[in-house]
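By written order: A, B, C, D and E. Residues from 1 in each chain.
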Amino acid sequence: MAEIVIKNVAKRFGSFTALHSIDLTIADQEFMVLLGASGCGKTTLLRIIAGLETPSQGEVWIGGRRVDHLPPRERGIAMVFQNYAVFPHLTVFENIAFGLRMKKLPQAEVDARVNRTAELMHIEQLLRRYSGQLSGGQRQRVAVARALAMEPDVILMDEPLSNLDALLRLEMRAELKGVLANSKTTTIYVTHDQVEAMSLADRISVMNGGKIVQAASPVEVYRNPAARFVGSFIGNPPMNFLPANRSAAGQWSVAGLDVPGPAAGDALEFAIRPEDLTVAAEGFAATARVVEPLGAHTLVTAEVGGQMFRAVLDSDLKVSPGDELRLSPKADRIRWFNRETGLAAG
Amino acid sequence: MPARFLPYLMLLPATIFLLVFFVYPFIQIAILAVTQDGGFSLQPITTMATHWKFNAALGWTVLLAAVVVPLQLVMALSMATIVTKLKTGRSTILYIFSIPLGLSDLAAGIVWLAIFEQSGFLNSMLAGLGVIEQPILFLGYQNIWVIFLAVVLAELWRATAIVMVILVSGMGLIPKEYYEAGEVFGANGWQRFWRITLPLLRPSLQSALILRTLAAFEVFAVVTALGGTTLPVLMGETFNWQFAMQDRNVASAYALVILGISIAATLFFLRALRVPKGATI
Amino acid sequence: QVLFWSTQAAPVEETQKMREDVLAGFEGGVDFQPQEVGPFITRLEAEISAGSGNIGVVGALHGDLSTYADAWVDLSDVDLSGVAVSEAFLELGKLGTDEQKYLPWMQANYVMAANKQALEYLPEGADINALTYDQLVDWAQAMAEDTGSPKFGFPAGPQGLKHRFFQGFLIPSFAGSTVTKFASDEAAAGWEVFKELWQYTNPASTNYAFMQEPLLSGDVWVAFDHIARLADAFNQRPDDFVAFPAPAGPMGRGFMPVLAGVAVPASAPDVEAAKALVQYMLQPDTQVATLLATNFYPVTDAPLPAELPASARALGPAITAMTTSADALPALLPVGLGDMGGQFNQVYTDTFERIVLGNQPIADVLAQQADTLRSVMEQANAPCWLPDAPSEGPCPVD
Amino acid sequence: MSNPTVDVPRTVSAGGAGRFLIWASIVLLCAWVLVPIYLLMVNALSSPAQVSGFPKSGLPGFDFASLQFFAGFAGVAKALWNSILVAVLTMALSIGIGAPAGYALSRFDFPGKEVFRMLVVMTRAFPLPLLALPLAVMFIRTGLDDTALGLALVHTVLAIPFAVLITFSLFSGIPLELEEAAWTLGCNRWQAFQRVVLPLVLPGIAASAVFAFTISWNEVFAAAVLTIENRTLPAFLIQNLNVSPLHLKFAGGAAMVIPALIFIFAVRKYLFAMWGIANR
Amino acid sequence: MAEIVIKNVAKRFGSFTALHSIDLTIADQEFMVLLGASGCGKTTLLRIIAGLETPSQGEVWIGGRRVDHLPPRERGIAMVFQNYAVFPHLTVFENIAFGLRMKKLPQAEVDARVNRTAELMHIEQLLRRYSGQLSGGQRQRVAVARALAMEPDVILMDEPLSNLDALLRLEMRAELKGVLANSKTTTIYVTHDQVEAMSLADRISVMNGGKIVQAASPVEVYRNPAARFVGSFIGNPPMNFLPANRSAAGQWSVAGLDVPGPAAGDALEFAIRPEDLTVAAEGFAATARVVEPLGAHTLVTAEVGGQMFRAVLDSDLKVSPGDELRLSPKADRIRWFNRETGLAAG
């Protein structure tokens, strides 16, 4: 039982408010991903849960216990630090074993766990090295292995795979998911990699400026952003937005195109994901500005109605800067947002 | 390739300086230990080694260092830890803790003599409390262990600050992220101290211990002030041979003994507190 | 300005008086610098071996001066115009050569002092001015037993002048000799008595440098010391203390004068000015001022003033009583030891430490120390001096 | 879900007990340092009779005669000035010469490192009073004798091991990477040191400078041998304390301690101020 | 003129060889991206170019000057460190201004440049803070700004955007490209983000185990991997490989399917990118094992001929674990590798 409940937590650094009254419940064994812009307070939130930072207000409960005043070691957590904090004076082996030694596990158990997690992280041949003799990615994996070896109730990971190459990250991601699911750990995972977020998360919490904007399943967050921010933040490249003006009941004029939309409201924003656009005879009149090959696809940044507009097109399609295109949105993928509040409309 | 010579370049001023102002006179003196009337002779060393006080002086000196230095280390570590932890009043307390830094051993001897003397403060206090009728003679020659204890106290009082300040400045350089990681991984305060602070403090510990042990081997003024010649120490014997007996050859032999045990202690600390290659911050 | 490098008048108050009262009158100015033995010797040797330096005049005890006999210029040509200097002292100042290596500067002696409270315990029939060692032991015993704490005190600290007591007082009193009969049974008997006395001696004695302080604090009631180191007690509480001669043994009342001299090193920057200062030091007024500053007595026939400080009034008569007593047995300062003087002293100190503090068998210790003493005498090639009979070649140790 | 009966105050009071323990030990340690100093001051401010009297009250008699005796010494002011001059020179010399060596020891691996380290240690391990004689001869011959610089040079010999070893340990605590960053931004080694390493280790450097200062301040032997006209304070008034009456011993001790206290008080801010920055 | 030439450079740490004889030329003003697995030697190579590490052998030339023995400051470079190395004792402003002060630029110029780069990195409101008061991503941007402000001939960036959120990274990436192109800087850029690599690079160097395997344009690297490693490393998810056995001249049998291929060789490997697979009637018989929604697409990990095989399919297609599929490779996207040497065949 390691449900995490965060009640009305805020954190101020001097006059700067890093977290505004956060309420969040992470169910036992849930894998919660925190997503948000740089500096939005993700690390601060993790540190408050870990007990490394005292919240300016609010309560933190873990597994039904209020833990605000408990030191980190009594909270049953392990953490992967954003800057690793791998002990420079210990070998990789001893780094990973650190928490186990604190628990006074027998040597055989320590050996077994260290070797297991090191293997998982592909650092088994580095066990004798010191952190100063590791590459950035290797150091990061030591940090992850150190946390995993603890087999804690709650694991907090702050961008744990950010310095790994795509291939390794893919592997690690799968391993992590497997290990954490088996060990019945509750996980809070900060990442900037949306693919990672999507593929790992049971739920994603999207943070913005010290607040949680949406906490929902990955598909929900991607398909049904609760706010303009979520749409603009998630998706790579992010959603396109265009101002929409009511032309008739349930009909909206968007950059010269008439699109059916919500009945209510009068100042809305039309939103569509770049991959939900196709080149067709009908659609937004667009002028290609930048063409970036991404391998399987091509990212075209175009101008639509004087606004920047991105489309992910098949790379077979030859587009050059300056070309005129017609981009047609898939009707069922269109989203609408209130232009004032930024919240989803319709 | 200038880069290869850079370290030597940086050592150059210190080396030249020490060659002129230390090594040159040192050699002149050290030679005396193995000469007699201008010729090579082991006589000074034999004289020293067979002198009836030599063993006692060596023994007490080493024992004193062996008792004082570890105690001092423990005290300095606790003081440094307290000072680093404090949020309020930190600079005042650091100031108080570092006061003995400014005291010469002569002054320290005087201070503690005022306490332990027969008509001193300790006796005054005990008499005031009615514990004793007659003042107790603490520093009498029969109470060599009391004298020893008094010397230990005085040395602890006088020279702990040096160790502390070195450790405090070393602790200030340990990044706090390592403490946080330690906390998260279940280390309590004591364990963090033991497993993070101490190992990361190795360079400072090494320096502090070396400097302190060397000073302990040269202890003299405090011992004389408190124990007269009852508690013979190497440095005292060196002085005695040099100035009272005017036998500079034997004095030099004594000095070489001090040098020898100092180097042995230094080598020990260099090995014991070595930071393995790659394990630096 | 002449630099006056001295081991004497080192206590800061005496220094102050030397500068202000004694030396202020010297034309050309004096920089009086008293030193502990370490810096004193080091600087002196440095100047001697560098062949040049700042020191103009050296003021030190006979023993220290004899160490550097070769370094001093001949002072025979110093015009003593009319000042009568003790002949014996002048002779000592030649250090066994034909030249006047140093001129005597001032003298002192060792006496006993007692708190008046102690007088009650004086053994039956004992005369304080004609005390014997046995009576002293009884006296000390009586005080110790009655007050519950030992009240005799002795300057056995590192800065204390204990060796002089053994060389000039204890051993001569028992053996009638300082060197030759060092290991004799008579000497052993003396040590025996001293050991007994030690039982009633305040154990803090091993820390005492100056007996005036324990006397003042009451830790000690009866003490032996150099007069300069007793003076403060008399000056602070003139009515509480009495001074009296050192005790007598079977062979007489051994005592040893203290003689300080002034010498001019060959490396002096201005030998003439230095000689002028030496001459100044021997002037009657200077000698008296010196007495007031340091409690050392003149070595000349300078007339003493009527108004003397309490210490001089008390200590002077005690010295006179001692030196003029019927059984007086003067032991002279060592002559001709050169730089072996320190080791000579150490023999006596070590003997004390081993017999009395270390409780080692007297005979063994004396036999062993006698060997050391013998080799010291042989190395120094020093003939005997009083009270030992003159010898051909180095003074023998039986 | 949550269990509202969790005993939060208990943990708070546990923290309170810890606090109490810490403050209790602070008070104890402060007393341990201060009480002897206080007693020294009590004696320094008492009349000779009080100093040698028994039992002592533990309160000062506010008799300033003994202290005044020292203050009234002709030339105290000059000696004080000389002391400060020598101590400051020692400070500058030992840091100036020692810090580069400490840096080299911490940053480079090179043959001869251990030899150098031993050389430094030996300086500290060999009794200075024996060296004073050849040094004095040398100084007299070269004209360094009786100058502030000459004495500072000798004191520097004493202070260099401190400077080298302490700076070595400090530099070992600064990540090399910060320096590397400075190099790539156009610094040469010296500039990188000055702009990146130095600000971070300044409190520690200050500490070793304080050591140098106090070593020089309290050194008596060499000062007595090597200065004549330009005496330093300890050589001037302290060196004969051993053979002076008790009340003057205490007053003299106090006279030496007070300036040192003031000095440490003045520099305490450098022992400290820059923490929190170093503590990333 | 800041062409970088690396000749036969190797680096050994004790017995471990981090770089084996590297030869690489980066043209003046070129934007070169280094890609490679964690621990393959990227940072080491950058450090050697920067002069922070002495190569065990070989030469480094920058702008026609041999620079091996020059200290870093004389090489005309700026560097973004993998773990930032932001000076803790200086404010953000002074951090960014650091290099400019070393050049003794006038204060006005310093102000202007600091403000410009800070704005570029969106950290203009943090200029008064110390690094201890920044989030990880903010710190990283300070490090980038500090290097950019130098306007050096050569800029070396070691995963400079790894801790930024996708949106910001997208923006930064564009800004960087613009700034660096305008300033005529030669850039070496280490990243693990392949999209970043593709969109920024003039050329990509793929490193593996201390060697450079391929250095070519992004499209070339993606489409025509010179070695099996490149194919397996680049692409997210990476290429699929299947053993191929010659069934006839120019005909290869791959997991039961007959595919036309190279005429020569006999032990080859068939390779295809996951996005070059479509569900069709004809194709590899595959059993879906894991299905991961990625937003616009779905990543299906299936089993083909007993091997793991990934396909990126349109997310409209409903696939569940256990489903049987037929996956058909696009014929023109098939690659062949020599099974022994791992080099491209045919």
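What we mean here is this: contacts are C-beta pairs under 8 Å (C-beta built on N, C-alpha and C of every residue); 3 or more make two chains touch, one makes a residue touch a chain.
Quantities reported herein were computed from a predicted structural model and do not represent experimental measurements.
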Mind listing the chains that sit against chain B and also against chain C? D
Of all the other chains, whose mean CA position lies farthest from chain A? C
More Cb-Cb contact pairs, comparing A-B against C-D, go to C-D
If you average the CA coordinates per chain, which chain's centre is most distant from that of chain E? C
List the centre-to-centre spacing of chain A and chain E in whole Å, with centres computed as mean CA coordinates. 21
Rounded to a whole Å, what is the gap between the Cα centroids of chain C and chain E? 92
State, to the nearest whole Å, the distance from the C-alpha centre of chain C to the C-alpha centre of chain D. 40
Distance in whole angstrom between the CA centres of chain B and chain D is 14
Send over the residues of chain D in touch with two or more other chains. 52-54, 129, 133, 175, 189, 200, 220, 241-242, 278-280
Touching two or more other chains - residues of chain C: 38, 217-219
Of all residues in chain B, the ones touching two or more other chains: 118-119, 135, 177, 200, 239, 242-243, 275, 280-281
Under the touch definition given earlier, write down the residues of chain D that touch chain B in their complex. 22, 25-26, 29-30, 32-34, 36-37, 39-40, 43, 52-58, 96-98, 100-101, 103-104, 106-110, 112-114, 116-127, 129-131, 133-135, 138, 153-154, 156-157, 160-162, 164-166, 168-170, 172-176, 189, 200-201, 203-204, 207, 210-211, 214, 217-220, 234, 238, 241-242, 249-250, 253, 256-257, 260-261, 263-265, 268-269, 271-272, 275, 278-280
Which residues of chain A touch chain E once you look at their complex with the stated criterion? 13, 35-39, 42-44, 82-83, 133-138, 140-141, 158-159, 162-170, 192-195, 198-199, 218-219, 222, 232-238, 273, 275-276, 292-296, 299, 312
Using the touch definition from the top, list the residues of chain C that touch chain B in their complex. 37-38, 41, 67, 148-149, 156-158, 202-207, 214, 217-219, 339-343, 345-346, 350, 353-354, 357
Chain C contacts chain D in the complex at 3, 10-13, 15-16, 19, 31, 33-36, 38-39, 42-43, 45-47, 49-50, 52-54, 159, 209-210, 212-213, 216-219, 232, 236
Taking the complex as given, what residues does chain D use to touch chain E? 175, 177-178, 180-189, 191, 195-196, 199-200, 274, 276-280
